[in-house]
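Letters are used for the chains, namely A, B, C, D, E and F, taken in the order the chains are written, and counting of residues starts over at 1 for each.
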Amino acid sequence: MFYHIKELQYNARPDRPDPVYAKKLQEILGGQYGEMSVMIQYLFQGWNCRGEKKYRDMLLDIGTEEIAHVEMLATMIAQLLDGAPVEEQEAAAKDPIILAAMGGMNPQHAIVGGLGARPDDSQGYPWNARYTIASGNMLADFRANLNAETQGRLQAVRLYEMTDDPGVRDMLSFLIARDHMHQLQWIAAISELEEKEGLVVPSTFNQQYEKQEVSHSFMNFSKGTESAEGKWASGATPDGKAQFEYIENPEAMGQIPELAPAPTHMHGTPPPGKLPPKNL
Amino acid sequence: MFYHIKELQYNARPDRPDPVYAKKLQEILGGQYGEMSVMIQYLFQGWNCRGEKKYRDMLLDIGTEEIAHVEMLATMIAQLLDGAPVEEQEAAAKDPIILAAMGGMNPQHAIVGGLGARPDDSQGYPWNARYTIASGNMLADFRANLNAETQGRLQAVRLYEMTDDPGVRDMLSFLIARDHMHQLQWIAAISELEEKEGLVVPSTFNQQYEKQEVSHSFMNFSKGTESAEGKWASGATPDGKAQFEYIENPEAMGQIPELAPAPTHMHGTPPPGKLPPKNL
Amino acid sequence: MFYHIKELQYNARPDRPDPVYAKKLQEILGGQYGEMSVMIQYLFQGWNCRGEKKYRDMLLDIGTEEIAHVEMLATMIAQLLDGAPVEEQEAAAKDPIILAAMGGMNPQHAIVGGLGARPDDSQGYPWNARYTIASGNMLADFRANLNAETQGRLQAVRLYEMTDDPGVRDMLSFLIARDHMHQLQWIAAISELEEKEGLVVPSTFNQQYEKQEVSHSFMNFSKGTESAEGKWASGATPDGKAQFEYIENPEAMGQIPELAPAPTHMHGTPPPGKLPPKNL
Amino acid sequence: MFYHIKELQYNARPDRPDPVYAKKLQEILGGQYGEMSVMIQYLFQGWNCRGEKKYRDMLLDIGTEEIAHVEMLATMIAQLLDGAPVEEQEAAAKDPIILAAMGGMNPQHAIVGGLGARPDDSQGYPWNARYTIASGNMLADFRANLNAETQGRLQAVRLYEMTDDPGVRDMLSFLIARDHMHQLQWIAAISELEEKEGLVVPSTFNQQYEKQEVSHSFMNFSKGTESAEGKWASGATPDGKAQFEYIENPEAMGQIPELAPAPTHMHGTPPPGKLPPKNL
Amino acid sequence: MFYHIKELQYNARPDRPDPVYAKKLQEILGGQYGEMSVMIQYLFQGWNCRGEKKYRDMLLDIGTEEIAHVEMLATMIAQLLDGAPVEEQEAAAKDPIILAAMGGMNPQHAIVGGLGARPDDSQGYPWNARYTIASGNMLADFRANLNAETQGRLQAVRLYEMTDDPGVRDMLSFLIARDHMHQLQWIAAISELEEKEGLVVPSTFNQQYEKQEVSHSFMNFSKGTESAEGKWASGATPDGKAQFEYIENPEAMGQIPELAPAPTHMHGTPPPGKLPPKNL
Amino acid sequence: MFYHIKELQYNARPDRPDPVYAKKLQEILGGQYGEMSVMIQYLFQGWNCRGEKKYRDMLLDIGTEEIAHVEMLATMIAQLLDGAPVEEQEAAAKDPIILAAMGGMNPQHAIVGGLGARPDDSQGYPWNARYTIASGNMLADFRANLNAETQGRLQAVRLYEMTDDPGVRDMLSFLIARDHMHQLQWIAAISELEEKEGLVVPSTFNQQYEKQEVSHSFMNFSKGTESAEGKWASGATPDGKAQFEYIENPEAMGQIPELAPAPTHMHGTPPPGKLPPKNL
């Protein structure tokens, strides 16, 4: 169960309206790697957690924090929309600065939202649940979480560079710091699990059942071997259990597919030689 | 530019048809973490790569391999659909085994696909490009890639457990081994970049501009402190630069939001006291 | 079955082209609360209607009218796109007014639609059927319809404020009037059913089977009790059957969840103490 | 900002696993009218609220409660999935009861979620933000909310009828009671606003600007006049300001559309008589 | 403007309920190539039509007919759902035939639709407007229409094979005949335009501006030349203007891409040699 | 299996950056009729092909070429984004030309993609698999392919008109020529199959089972008979087997639908006369 308090986790107050920037800021609210994504992802991982209690508690703590981040962003966006040019004005239609602002706005901010934030990304595409994952395997999911915080901080930093509004930057400096923490947090949690389980997920699958001769081979599917120059192509594997192998000219190991004809009631293309019963 | 050869990368031949399993197998073809996702993700990361040539080449090598994985899965699914019960048959309607098979099938496999694979997941939801990311920051993207291979191998292993068809298992044993390799590959590539750049992405953002007092704090947004028990809540941070701090009772640091009324031409709720001009 | 006549229900003729406004106007054609939504919603409610004939007939009458509204909007948009700046022109590239117009247009209006309307919203997001509902319970659905006409008129009014084109405003004045009528219509239809059935939908569920002690309680999940000041928090309930109760400090009534570990073939996180069979 | 407590708002404990029912129950978690929809809708309405404080507080109180409802449903679904038949078992393949259970399950519950709930509906379609509305006009939005609680309770009642598991029914009896309360709450809040503003939203639009001669007319777009029999077709309008009028044979009031040819650089169909410059 | 009449265009009456078949039949109502698709596609092509009046009239005639087809399918599906097993019944839970029926149903038919048709496909995926095209070029669009009627009739025929219900087959025999007509209709309309404009769309683009040396070449991007055996690889082109050429070993004609580094404020991967300003 | 070579199929080098045009060019990369669509469509048609080997080989040859087209477009877009105005700059904020460029850009090109191409269309809507079809009937699918190449070339030509950048036009001249070839190719392949099978797909359905009296009738669902003037309304049908018939006043041939009431556990609207058991 949840409680709300009226104060924001951190200040969200722009120095001046900026409806064009409001459109951009939607990306880290309702985009693929926005705060809604981590909020839903952490909450579902917590609710579905079948592991130790400390994991469930931790996931729900951080998921609960993310709701507060969505709240901060929504509040900021609503204020950036104050003073948006959303009324017919003869003068405006001739001022290219206002015109550009109108063209750069998200029209739904006015028409649909009445100058409010929306659970969408910077293109107006609605947030959807396929952005998230809760797999029941915590090492798998913590890697998803590290990825989300990494992309999320990258986007927040880019948005920081796109404004000079001190109030917006102040709020972003907080979110960027939290993403910093959350990256470190997932790295720590991952290392705790990798120490127990090893690096390859899922650790519980008996590796004798996989085709082990290709478990450490980098396959070069192109002319030229620049791809041989990285740590992924030679030397010890990160788990220290094998050596990477570089296969310069990987050969096909499978059959040439030949599919059986479909049964007649499927009405696919008739096999050659078989006249279609055109007017039977 | 690309070339095709007719042989599959590895065999894809089931021992017997199984249209219910065909539906499930779609998950790792066209699902959120299916082969289409890694194929498109690696190709776009490669095409957009502004870094060293070895990264571009490596990304396109592995992206090219993933097209072959999609090909293997599509071929397998088409064969699993041979013999699907897709015709009206009086007898069938009374055989609960056939009935269950019909109910468990993806109806589009017959009606739309004519017994062919589809670029969809196990629920018939179409693959879409928001499953993928190419951010221009390779450390960020390699973490996304590690996540994708981790979830992908987990799903392939689960599908392995759900069948005893030796031909299907043989193909999966190959894909599982390649996902094994690809997890190790991304871990190696990540460590190469982390050694140069440090752990926190993006490394190029001047950390003086973030709210550094919350960059290492775990905040406990619940009653009870089970979440304090992990490596993420105390001790040195993974980059060795600081100590994690556990904040048992995090306080709000922000304002209570108060938004200005919307301008009248937005036709929001009229402010209290202001009578609406009902019939002006 | 349906017939078409060539005249529009009402005039749809702009005084001048305005491709930027054409983009905005798409919202009430193909948006969440656009005319396509009410058209499909009313038609499906009518076709699925298992109630009295007058409801089916009324739903299909109004659904049929909405097709004509989509027709008017599409016709208007096509004309607003006449004269759109969609050709490479050296001069244009230096005129900020033309530039802004190009930036504010929906690029698909030209590239995909050849200067025609599209079944999309003002962000270019395609209309989809999850915007609509036909539940088989008419009181439920008439509330959905009242909601749709309410949001729809609000958006049409906002669009009215965003233009001074007399032809566009003339058409909108008609649509706004019809939305006015349709709000009143659904309010009348709702009151007819509420008189028979009561206020709470579905009326046919035996209320003894619900947890009646929480059927009239407003729960305050925050510090501060501003939420106690409305008609929803005290006094008689609208059906006159009870008094609202304000619970200032709602307590949890449920268990602390503890989920069983997943079976091993699910390959979730191994329970603590259980070493993963890394290389069995 | 938000806090979490570990207890559920109400019990969520099934008496026995039922993976087929788990699939169905997803509808009120992540469907169009599921708990995620009201959670996001109320939170965004609250965060965007530019009206009196009591509305903001009330919206955030109820939005916060809905997070707890999502939590209860997720917890219930995870437990219903305990014991799901997700492993290859020779015996199972011949037992039609188990087969039917496998066919009736959501395959992603096992393959993707590892026996956890998903933010999707009963068809596996992901929740998305276009299910929600926050328009900045509270009367409009409260009608949306009443609609959501109405459809939501209807669906919960149907799901109640589809199970005899006492634990599941106990949880549903709580959710059904809360939906009961929430219907009454929105009706009360709506009446409070309608008393001030009148019935037609937005109340602030000057009705002189709408085509008032069609503001009270029901138009019969079909042969037969069953649609004349309801309260929407004759008598006083609900606001007492006019009489409904029934137009048995509504006439078109608009032009026959004729669009100008597209400019040549649009490459539409060439006008008749104009030879295409096939090989110029 | 449109009118409705109460009779269906053709009978839609099943001999017996069949909720599992109802799910399948949704494909040609709300699927990618269902009747909703052609209805919206033809209507928008008609409304956007800038060509001769006969085209506009024809498009709107056939679009209007398609609304009647949606109506027939919706009516049929509602009747197929009569008697669906949607109530908890102890006995049912042990009858594998009923169980299979429950598992094979679309759960939303009951929970959401109250035994009514839905604007979705056979997987419950909602119809969306990206299924349709109205390009402003009639020859282009008539090809889209021929495609739609072709896929549509194929799916209707497959559904015909999947049932033996005489009432369902009677309705399908009508729809199949209309799809027959509509295929012929578009072929006729296409040939009328091709005679005037030629085969290659758009006909109005000056072919001197295209890279004409590759305008008639089939490129073989694989080992093996089976692809040389068709009419597309040698002989005269269908417009009689050239000969097809078969290029057995197509060579790359373009550059090896090298992208410039991103500007620093994009925070991509730092170029090699450039130390990231980790703690500047 | 596939191989990659580092050279592009054709040059993709703009003369100057143009981020606004980059947004538009996305349409033919990731739009409904972009290169991703034909790539996935041809590959799946090839992989699912149950017909003669020459068809499979041909489909995979052309599908493989399309991957190279996606590659060219992605490379072009990344270069058009060089020099995009994505940094806060005081001066810029006052220059309407720069402002317009910022407003006309796709914000995700910077925030999410770090100046890289995205698998989306010109509105930022993600590519999805429902754009494609592989039906198992080759004549059906070749018509889909002709449609795709037709719309694709039309869009490429429109984009050609919207730029004067010689490098962009050079690349487009290549893609336009390939679309030219691919239209001719599908026309040739279609005629090869039509000669064998006849015009109406599927050819294998016994036409005695369709309602043959409406197989050649154009039905005029409007006042006015302009639609009688085309080749589709009179004269011989294209297959020479019949004459088109023009039905000026088509009559309904079906029943007036009447649906049975829903069972009580569905909680639809109670039938008239039946009092709802409000408080039983």
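Basically, contacts are C-beta pairs under 8 Å (C-beta built on N, C-alpha and C of every residue); 3 or more make two chains touch, one makes a residue touch a chain.
Heads up on the chains, UniProt names are A, B, C, D, E, F = Manganese catalase family protein.
What you see is a predicted model; the values in this text were computed from it and never measured.
Undergrad: Quickly list, by label, the chains bordering both chain B and chain E.
TA: Where chain B and chain E share a partner, that partner set is A, C, D, F.
Undergrad: Pick from E-F, B-E or C-E: which interface has over half of its contact pairs in common with A-D?
TA: Answer for A-D: the repeating interface is C-E.
Undergrad: Would you kindly tell me how far, in whole Å, the mean C-alpha position of chain D lies from that of chain C?
TA: 9
Undergrad: Can you check how far apart chain D and chain E are, centre to centre, with Cα atoms defining each centre and the answer in Å?
TA: 27
Undergrad: Taking the mean of the CA coordinates per chain, how far is chain B from chain F in Å?
TA: For chain B versus chain F, the centre distance works out to 26 Å.
Undergrad: Among all residues of chain F, which ones touch two or more of the remaining chains?
TA: In chain F, 1-9, 32-33, 47-48, 50, 55, 57, 60-61, 64-65, 75, 78, 86-87, 96, 99-100, 103-104, 110, 112, 114-115, 123-126, 128, 130, 133, 135-137, 139, 154, 157-158, 161, 202, 205, 207, 221-222, 224, 252, 254, 257, 259-260, 262, 265-268 touch at least two other chains.
Undergrad: Please classify the inter-chain touch graph. Allowed labels: line, ring, star, complete, other.
TA: Contact pattern: complete, every chain touching every other.
Undergrad: Provide the residue numbers of chain C that touch chain E in the complex, in ascending order.
TA: Checking each residue of chain C against chain E gives 1-9, 30, 36, 40, 43-44, 47-48, 50, 57, 60-61, 63-65, 67-68, 70-71, 74-75, 78, 112-120, 126-130, 132-137.
Undergrad: Considering the complex alone, what residue numbers of chain B touch chain A?
TA: 5-13, 32-33, 53-58, 60-62, 64-65, 72, 75, 78-79, 82, 86-87, 110, 114-115, 125, 128, 130-131, 133, 135, 137, 139-140, 143-144, 146-147, 150-151, 153-154, 157, 160, 169, 173-174, 176-178, 180-181, 183-189, 191-192, 199-202, 205, 207, 209-222, 224-233, 237-239, 244, 250, 252-257, 259-260, 262-263, 265-268
Undergrad: Going by the contact rule at the top, pick out the chain D residues touching chain F in the complex.
TA: 154, 157-158, 161, 265-267
Undergrad: Touching residues of chain F toward chain A in the complex: what are they?
TA: Those in contact with chain A are residues 1-6, 47-52, 55, 86-88, 90, 94, 96, 99-100, 102-104, 106-108, 110-112, 114, 123-126, 135-139, 193, 196-198, 202-208.
Undergrad: Going by the contact rule set out above, which residues of chain E touch chain B in the complex?
TA: 20, 23-24, 27, 31-33, 96-97, 99-101, 103-104, 121-125, 154-155, 158-159, 161-164, 221-224, 252, 254, 257, 259-262, 264, 266-272, 275-280
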